[in-house]
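Data block below; observations after.
Lettered A, B and C in written order, each chain numbered from 1.
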């Protein structure tokens, strides 16, 4: 008996529940009443509102990724410099929030930011005028950063903590001071972690929905919301256009993954951080 | 008469388009210590796996005790293996690792207990039963692996470079212990190694392999003193190999000179390869030698010095316990029995698999025959 | 002096970040004990939302759906995934690469697209039962994660163990159950835990895949626009505390075990000298 047999149940499962559904999206995106058409795709790409939403999604995701990187890298770096036991405990602390349902976490921000919420109460207490925090683009960004920050910290921390200390010592030995060592040695070597962090934040960020609904009040629709709208509100009639939108999103994701992968390979070669 | 325990007949094994083994014919006698020796990728491990039953031959048959086992799975063969990296079960302690095979056979508890303890004692691990594998040193893990295999009383024990991971001192010790165990238990050992010294010290029979072909089968002394071709000569020990011509029986010409030798049976004026072991060459005063040379470099090797001696256009490697300054002119003496003549390796029949000659029974293998 | 200042800044930064991450959660938890319904206004301490929580049939039902789907899908996907990993591990390169790539789809795909594709598939296949739909969807997106966490262990454990077991008389099935699976157990367990938590936390896929039933995520999403009842705060407080306790327990245990192993090793080394 060959061990390959053990994979067969999964292969069957996979064909029915992974491959077939994906093919259905492709099918509906490119057909209308059973005939091949590019109309769905063309419709999705020429609709001005759709394109606006797409651009906004990409823009917010980009900004959120940059913010996550700027906030997350120092955290990962500081953690990696600590004693192993302290670091592992602290890194758990940074993951724990993810164990609360993301809708609840997002909802909590709604409470914090609302006009009569805690933040505004604090402002009032120190005598400042109340601000409109909720239902702004910044609120949507905040929610995105909040939800995905741990995804940036973890891969960078992993790479940094596995880094060979002797390489840093070698840099010091060769006369590099602290900042030089960081920018010439540590940063390039941690690039694989940075890139996978970027991937892990950027991709969920462009495809997210619900965050914008809860914190943007529906005013700042993202591409995910658009797709949800097609399927949930419009039902089966919109399967064609909805599939076309999903297809565009998927292509976008695949392109960004390809870009990241190439960057990772280059970073790997340059920094020698990863051995293939 | 010790009978053939294992016969490998016309074995070919290919992976895709590549032949790992090409037409192997070999028998292994009951109770002998046989070593498969060769560089990595020579097919020695593949051969071992064929005997164990982990792979099936593409062509040919494997006989154990005269029965064709080519299609019999490993768990039905009375063959056990000591794996290269031991492959001990990390989730079991030492006792349970050794008892594993007996438990699978569903032997009664007290018999298992008796045999496991007996075996742990044999490998000097008495009282280690409760230890976990990761708490053991490399040498101790090695012993557990041996005990785990031997406790099943196999007909044949296969050992796949079992000493490779040990340091030099431990390795030497284990070589002696393995040999002792093999003689004590009378079980056939098939041992795979790339270390020629290991092969020569432990084995009754050495099988030298290269590129999926058996190069030579013989006792350690045969293999060392009478290499069949350049590959064997180079792989076993160090040697100077010079092109020459066989003038007639007992006379060979190389380096532009005639030398008396002890080899015969070559065609007149047949081009040959001449093998001279570095320790068989003597350095004497410049005028007292057969050749003149200049010492180019000296390395201290512990037991002896290694000299590089330039004689005209050849560079000879010489081992000697007497020191000579580099730059000195010396005489070189090569006595007849220091010269070993081989057929040219590029001769068509050199790459052909050799038939296994019947080895003398009960030969004192570890001693030179002269 | 400079060094002290530096440590101070480092500590402050990490502290601020933790505040950022925990503030919303703490707010939720604190207001679960509030006596009034509106969040943001503290009117007094009370357990009334905790009492109300257990009397709310809708929430209890959603909780039941969430937990049962998480348990069943984790168990099923751990089984299928573990055997799949074992099978894949001994496959030839080409078919293995094809299968691995397809099975990466749910990991790589945006949840949104996965969810939609399930919705379309179930509608076309005529699978109407909402619970079955959710279960299938969860099993499907769990399996790749189980494979991902079992595979490295399997690779580490080396083919040799399987062969060694057969060498010692095990049939292939015995070799699997007595050697290979015990050896990769840590990977299987972490795969199970990962599957369980992914299922527990999922909203997006469930939202699209299922029809007519609610798990907690769906319940929260559909009530968030009206403002969530403090009962949900109470529930999430309970779940969060349970999860964190479990997590800390596992972590502390592994730290303690490591330390013990360390001590034992040192003793052994001292003895062998």
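In this text, a contact is a pair of C-beta atoms (placed from the backbone, for glycine too) under 8 Å apart; a residue touches a chain by one contact, two chains touch by 3 or more.
Here the structure is a predicted model, which is why all the values come from computation and not from measurement.
Under the stated contact rule, the graph of chain-to-chain touches is a line, running from one end chain to the other without closing. Farthest chain from subunit A, judged by C-alpha centroids: B. Closest chain to the protein centre (all Cα atoms averaged), using per-chain Cα means: C.
With A-C and B-C as the two chain pairs, more C-beta contacts join A-C. If you average the Cα atoms of subunit A and of subunit B, the two centres end up 59 Å apart.
For the pair subunit A and subunit C, the distance between mean C-alpha positions equals 18 Å. We define each chain's centre as the mean of its Cα atoms; on that basis subunit B and subunit C are separated by 54 Å.
Remark: subunit A residues 1-11, 13-14, 17-22, 24-25, 28, 71, 74-75, 78-79, 85, 88-90, 92-94, 96-105, 107-112, 114, 116-118, 121, 146, 149-150, 203-204, 206-207, 209-210, 213-214, 224, 227-228, 231-232, 236, 239, 242-243, 246, 249-250, 253, 257 touch subunit C in the complex.
Contact residues of subunit C toward subunit B in the complex are 157-158, 160-161, 163-171, 174, 178-179, 182-183, 185, 264-265, 268, 272. Within the complex, the subunit B residues that touch subunit C are 52-54, 73-75, 79-81, 83-85, 87-91, 100-101, 104-105, 135, 137, 148-149, 152. Put simply, subunit C touches subunit A in their complex at residues 10, 13-14, 17-18, 20-25, 27-28, 31, 39-41, 80-81, 83-84, 86-91, 99, 102-103, 105-106, 108-114, 116-121, 123-124, 136-137, 139-140, 143, 162, 172-173, 176, 197, 201, 203-204, 207-208, 216-217, 220-221, 224-225, 228, 232, 236, 239-240, 243-244, 247-248, 251, 255.
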